[in-house]
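Common to both upcoming complexes is chain A, partnered first by chain B, then by chain C.
Our next item is the complex of A and B:
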């Protein structure tokens, strides 16, 4: 009986030991199945077609071209490989411009025929209409619909997830925004973080250190939404005044808030690394007549460099994945940033801001999961780097 | 030119560069601590005037421009409790397995790698995952249940790590002594190893609660309600939560100006929760350290 209990408990413990691995697998599985659906989606909105005049030879258009046409940035079929003919766009909302209510019928029952006739009469027209409206015998050409391609998603330069007739899911601006903000955050945090670490490990009397240490831990414990709120009420208006910006929400505001948030990680890791520097190294340096500062800068810091590096990488990982604080202060403009003073948008902030409005199962929803996959793999890669650095350290110290 | 035999100037330079460098580091450190106190002091100053008994015990009113934050406090406490139910047992058991049962080798290495990776997964990814698995696939809907499960998984790595570290520091001689007296492995763990590791395990548990109380992104799509003035009656209800409440009233709403004081109050309550939890963990650590030293 007792043996049975022992066995049972052992199984239970083993099972729970593998829970984290299981969760990682589940995360990958769920994010991937939702995200990969994006590449089975068509570029033109579901249930709709782009109808052309039958004389028009153009058959294929990319999502970006479709958007340009309907935004009236492209105005001639010549740019799309067709005849030199002006493009007229037609959306369902425009139907009342061309026809009276009587012509369309009370339930719009004649609308399909009328639109077909309209497109037939205008050689330069492209009509964005529901597939079901078009009469079967209409002599029209249609743009061939294709699947959203990974290339459009991963290197596409425009993120317009709710544009019609075809949304653009170019993730490059979001990726660029994430990297910009994180890069500057680490740039700001690094000098301060290392200074505090050096101060706490080498200079501060133990009493001061006993005060600083819990403070830094507390800084780590404050929720990110509080930092975001602080950034929104203090840093954003301050930046707006100092730099004379139209809006204070900017990449810089995000970087500053993130820098404050990444500080504790860097300080803790770097300080631990310096404290763990072998006493013999220090003493050898001091015995050779080096001053304390020379010992710190020439012996202690170089010898703990790789641990410090893993702390920095860890801080970058934090910054890349941080959601709420960044969402609140960066202004959320999905454009490739040209300056750190412009509003920008990061991957986590995009997911947080848009998932609530994206209909489940739609292309937008799946694109956000795809963003989650990308984010997951970025941080996964960063973590592997940290693991690699610290395992190499352990091997070296042995 | 005569060069002095003893490089006196070098010695001076050495001392000067040291005092300059140390002065800069000290200055920067105090600057950061100052910034920290500015953040804290600012929120304390603005929030303290809002905090009152009514603020803590009333529901929001007038489109969240008046009234209190009681439902959000209750929601956050419920989520902390729910996530604890999920993560405490699994986390501690997993930590015990890693240190006591798993054969040292690639299994432990693999699990540790996965646990570390899980702790680095951004909280918004947990949110996505929780939404896909608990809300949609398992059909819990936006609910306290789904939110607690998501937050529980999020805090697992921290608990596993602290448990493992706490047990690792217990010398093997103690285990061997217990086994030599005829106790089984399970008895040894239950009666000897766990009680000795408990202080540090509990500290880890408390800190994980602190983390859970402030997380917003994971509950965004799994649980949090914009406005849900009555208290939840079942675990399948949505609930309000302090961090999400702070987010919505400071970024959106009917009248941001009028909501501002409430936002400061909410931020203060959140900070106080974190402060109390950190203080508690610190005191506990000190208390147990003292007790262990006497022994």
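Our next item is the complex of A and C:
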């Protein structure tokens, strides 16, 4: 009977291990396939075309150029390699400006012909219309559509995922924002985290430590949205006053909140490491006449350095992946940050804010998955660092 | 995924509790969520033998759920996109559109800001980053801090359509995850400007009068919006599969009834009957022929 139970338990453990690994692999596979779909999407919105007059020699436009044209920042075809001719843009919503309801028909059945004729009559016009509306025999030219290129995505500086006719998915500002805010977060968290850890491991009497340790670990249990709200109502106005900023939502507010959130990880891991420093090392140092502080700084910290380092890296991991708190305090402006006092936008915040409303399967949806893939690689890299550091630790202690 | 599970569980719980009544599932826009919940409660107090489950998630989520048949009605604060229409056509669904209410957007600034009114052109320039100082529009010498909703919210889309005439916002715009966050930020930032739904307007922020023609300025209120004077008004939609008309029709009729529309007004939205708003495109419901065949299991009402 007992043997049977043991066998059953063994099988159960094996099975759960396999199932979990399989699920993780499936999730990663899903993330990658959805993300990679982005590069098979066209730059012009699905189902639409950009129609030109047949005299117009312009055939290709980049996504940035299309945006500039429809924002009326570029107003002449000369800038796009065409004739010196003013650009007129036409969207479906403009149809009522040119035609009456009767001309278009009750079910807008004549709209396609009318628009085709309109473009034919205006040499400088570019019309953004559904492909299905254009009559087959229309003598129009079309902008050649191309796939979204990885270069535009990874080094592009503009994130306009819902712009029409052509969305811009430049992820560089988001990536820079994530790294920038995490870097400062760890810069703030490190000195505080280490000093708390040293104090608790070496200096604090056990009574104080018994109060402190659960208190710090309690920080881990606070939901991140609470941190976010704390940041928005306390830290943001405070920064605004102290630095005299026009706007308080900034990378700095984000890094302070993240630093507070990363503290418990760093403190707990570092403190445990120092307390686990072999008693023999400590006693040897003291026996040689070293003072308490010399022992801590020359023996205890170096011997537990790799554990402390992995604690720090885990803290960075927490900061990089944090969503809700940064979403609320960094202002989410998708610009490449030049200083920490400017608003910025991080990858997790972008995914959280936009995924809910992105049409499933569309380019925007896939771009958000692509961001997920980037985030995956960042955390993967961080985890590799932890592995490497702690394996060195083991080798040294052997 | 978790959401869907939750719904399944709640559907199951309600089915067992009420003796296998098929619940109407409504999902989508967070703008419409409080209104729909209030209306559903009223409806259920009159029709005790039916049940309704309302969940939020965003316009896009609601429409995607309609496609996958995990909801019966999708709430949306924007019209379905062409790409979504194509997916509906591909999966053989014929969707119908109903405007259930109108929502006005108020442009808000910090109460300390002396500016009282702006034209559409000025708003466009501010939100596109062409005007960056309040002194250019008759205010103090202070940098303008522009707040917006995040890129995929229906409110963001509508403001872009109506006020920016489909041009893009500047890239350095601050995008906030929720209306509450915009109010909080505008309240504590002197140079701030942002936009919120009329129902969210409170004394901590100051609403600006807006003019589209540059002559007559109107302050946002239910009255000015209903009379078609205040220009930034958008329709709010319900979408449903036309085959489910008999199943969901009763609730929709109830919403459009005088009693339902009175509640719409109470919630700070503009009722459909009063309408003719200037800004929103007032598209009538497309009646593409009633398809009365219904899956038997869908309309089980004891």
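Assume the second predicted complex is superposed on the first by the 366 of 398 C-alpha atoms of A that agree within 3 Å, B and C clash if a C-alpha of one lies under 4 Å from a C-alpha of the other, contacts with A are read in each partner's own complex, and residues count from 1 in each chain.
We take it that contacts are C-beta pairs under 8 Å (C-beta built on N, C-alpha and C of every residue); 3 or more make two chains touch, one makes a residue touch a chain.
Since the structure is predicted, the reported quantities are computational estimates derived from the model, not experimental observations.
Trainee: Looking only at chain A, is it chain B or chain C that touches more of its residues?
Mentor: B
Trainee: Return first, second, both or neither, reflecting whether A:46 touches chain B, chain C, both chains, or no partner chain.
Mentor: A:46 sits against chain C, while chain B stays out of touch.
Trainee: Tell me the contact category for A:247 with respect to chain B and chain C: first, second, both or neither.
Mentor: second
Trainee: Once the shared chain is lined up, is A:328 touching chain B (first), chain C (second), both, or neither of them?
Mentor: both
Trainee: Would you check which partner chain A:152 touches, where first means chain B only, second means chain C only, and both and neither mean what they say?
Mentor: neither
Trainee: Taking the superposition on A as described, I'd like to know which of chain B and chain C A:232 touches: first, second, both or neither.
Mentor: After superposition on chain A, A:232 lies in contact with both partners, chain B and chain C.
Trainee: Quick one: is A:27 in contact with chain B, with chain C, with both, or with neither? Answer first, second, both or neither.
Mentor: In the superposition, A:27 contacts chain B only.
Trainee: For A:64, decide between first (touching chain B), second (touching chain C), both and neither.
Mentor: Neither chain B nor chain C is touched by A:64.
Trainee: Applying the document's definition of touch, where does A:359 land relative to chain B and chain C: first, second, both, or neither?
Mentor: A:359: touches chain C, not chain B.
Trainee: So, A:271: does it touch chain B (first), chain C (second), both, or neither?
Mentor: neither
Trainee: For chain A, what residues appear in both contact lists, the one with chain B and the one with chain C?
Mentor: Dual-contact residues (chain A): 232-233, 328, 352, 356, 360.
Trainee: Spell out the residues on chain B that touch chain A in their complex, using ranges where they run on.
Mentor: Result: residues 14-15, 17-18, 21-22, 24-26, 28-29, 31-33, 35-36, 39, 42-43, 89-90, 93-94, 96-98, 100-102, 110-111, 113-118, 120-129, 131-133, 136-137, 153, 156-157, 160, 184-186, 207, 210-211, 213-217, 220-221, 243-244, 246-247, 250-251, 260, 263, 267, 270-271, 274-275, 277-278, 282 of chain B touch chain A.
Trainee: Residue numbers of chain C touching chain A in their complex, please.
Mentor: 57-61, 63-64, 67, 81-84, 86-87, 128, 142-143, 145, 150-154, 156-157, 161, 166-168, 171-177, 181, 184-185, 188-192, 281
Trainee: For the complex, give me every residue of chain A touching chain C.
Mentor: Chain A residues touching chain C: 45-48, 67, 70-72, 91, 93, 130, 158-164, 173, 232-233, 236-237, 240, 246-249, 327-328, 331-335, 343, 345, 352-354, 356-362, 364.
Trainee: So in the complex, which bits of chain A are touching chain B?
Mentor: 2, 5-6, 9-10, 12-14, 16-21, 23-24, 26-27, 30-31, 34, 191-192, 195-196, 198-200, 203-204, 212, 214-215, 217-219, 221-226, 228-230, 232-234, 260, 263, 291-294, 297, 314, 317, 320-324, 328, 348, 351-352, 355-356, 360, 368-369, 372, 375-376, 379-380, 382-384, 386-387
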